[in-house]
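Shown next, in structure tokens, is the structure this report addresses.
Lettered A, B, C, D and E in written order, each chain numbered from 1.
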Amino acid sequence: MIFAKVVGTVVSTQKDVNLNGKKLLLCKEVDHEGNPLGSYHIAVDAVQAGEGSLVLISYGSSARMTSATKNAPIDAVIMAIIDDVQITHKVKG
Amino acid sequence: MIFAKVVGTVVSTQKDVNLNGKKLLLCKEVDHEGNPLGSYHIAVDAVQAGEGSLVLISYGSSARMTSATKNAPIDAVIMAIIDDVQITHKVKG
Amino acid sequence: MIFAKVVGTVVSTQKDVNLNGKKLLLCKEVDHEGNPLGSYHIAVDAVQAGEGSLVLISYGSSARMTSATKNAPIDAVIMAIIDDVQITHKVKG
Amino acid sequence: MIFAKVVGTVVSTQKDVNLNGKKLLLCKEVDHEGNPLGSYHIAVDAVQAGEGSLVLISYGSSARMTSATKNAPIDAVIMAIIDDVQITHKVKG
Amino acid sequence: MIFAKVVGTVVSTQKDVNLNGKKLLLCKEVDHEGNPLGSYHIAVDAVQAGEGSLVLISYGSSARMTSATKNAPIDAVIMAIIDDVQITHKVKG
């Protein structure tokens, strides 16, 4: 999974039938402190994430394991909204 | 999923039987504003995407979840044509 | 699989129902000697890994093959705690 | 899928039983014009690709969707031989 | 699949039950001539690969397609030992 912030929406009329009713969100990958990383990701929302939310995105076949995304031809799902990230250890520190 | 623009077609006669009748399209990855990114992608069309269309491509096992691609040995499918991308938030802005 | 060190926890209340009761851990990828590599990873814990542990993370559909992660929309699982790494050969040495 | 050129063969005697009778080919990734890109790929041949052929390689679970590769522990398959690539559009042109 | 050389072993006591009895090997990716490439990989051995062997590693769900790895939460398997790599063509040569 990666951290991302929801920054917009993607609108599509002509699409596979299994995408009907699904919300496509534009997300910007961020690090554990919310700082932007390089790339944009398009993911289907399974947790009613508001725009601006800090979320977790899961990829691959696992993206089809929510009730909102079952059998859909999508490879990325927002499956959690992040409340907090607590860092307790350092590597080689 | 990634954004891409359809830029051409790939022609193949000698191919796996499950590819018969499928349209192989050459796509250029673009960002959310339509600016070209580095790489080309070959994907099967599941939504009658015209050449020049801005589309979404889904990867992996999810690429086989459309009626056009079921059981086919392909790892990328065009499953939506993009009408609009609306950006509503900024990261750290 | 990759080596990683558990460095923190991720807290989420609003999430897919299949994530209930699962521990989301923040992990830093490390090399075979424990030196940090570039990226952070979020993974579900399947082996009661303590924070600070050196662990193995498995990705993709394989992340759903533990009893703790079956059917969950997650793409990374901690499935082993590392006791030791023994290097016995060198490449071109 | 990616474009590749078949450049050699890989010989293995001691291998998983599901690899018996399968042809392992060494492939060099190329772009849509046949120019070499960085990396080599090892893929199983499902379409009787001759050495020197320009081919398509499919990855992941999709690599097991041909009759030649069903249930085999392989993650890359040659599933089409390319006759032609026709570019009809430019991005931002 | 990628080429790799087996360079060591990974020892784990506390692990998912489906890993019991499986040999975790530390592998260094190499090119088709045996020259080391950047990264280390941890893979389960399905072909009794000795340390120092030149092997093929398969990734993703395909890593679970050997009798040694069925249903295990692992994403990389050694499924062949390489005897020889024969290069017969050059790209753009």
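The working rule: a residue touches a chain if its C-beta (ideal position, glycine included) is under 8 Å from a C-beta of that chain, and two chains touch if they have at least 3 such contacts.
Model, not experiment: these values are computed from the prediction.
S.K.: Under the touch criterion given at the top, what is the topological distance in steps from chain A to chain D?
M.R.: 2
S.K.: At the chain D/chain E interface, shared numbers over all numbers used: above half (same) or below half (different)?
M.R.: different
S.K.: So the centre of each chain is just the mean of its C-alpha atoms; given that, what is the distance between chain A and chain C in Å?
M.R.: So the centroids are 19 Å from each other.
S.K.: Could you put a whole-Å number on the gap between the CA centroids of chain B and chain E?
M.R.: 31
S.K.: Quick one: which residues in chain A touch 2 or more of the other chains?
M.R.: As it turns out, chain A has residues touching two or more other chains at 60-61, 63-64.
S.K.: Pick one for the touching-chains graph, please: line, ring, star, complete, other.
M.R.: Contact map by chain: ring.
S.K.: Using the touch rule from the top, order the ring's chains starting at chain B and going via chain D.
M.R.: Listed round the ring from chain B, with chain D adjacent next, the chains are B, D, E, C, A.
S.K.: Mind listing the chain B positions that touch chain D in their complex?
M.R.: 5-19, 24, 26, 28, 30, 34-36, 40-43, 51-52, 60-61, 63-64, 71-76
S.K.: For chain A, which residues are in contact with chain C within the complex?
M.R.: Going through chain A, the ones touching chain C are 1-3, 31-32, 46-48, 56, 58-67, 69, 77, 79-92.
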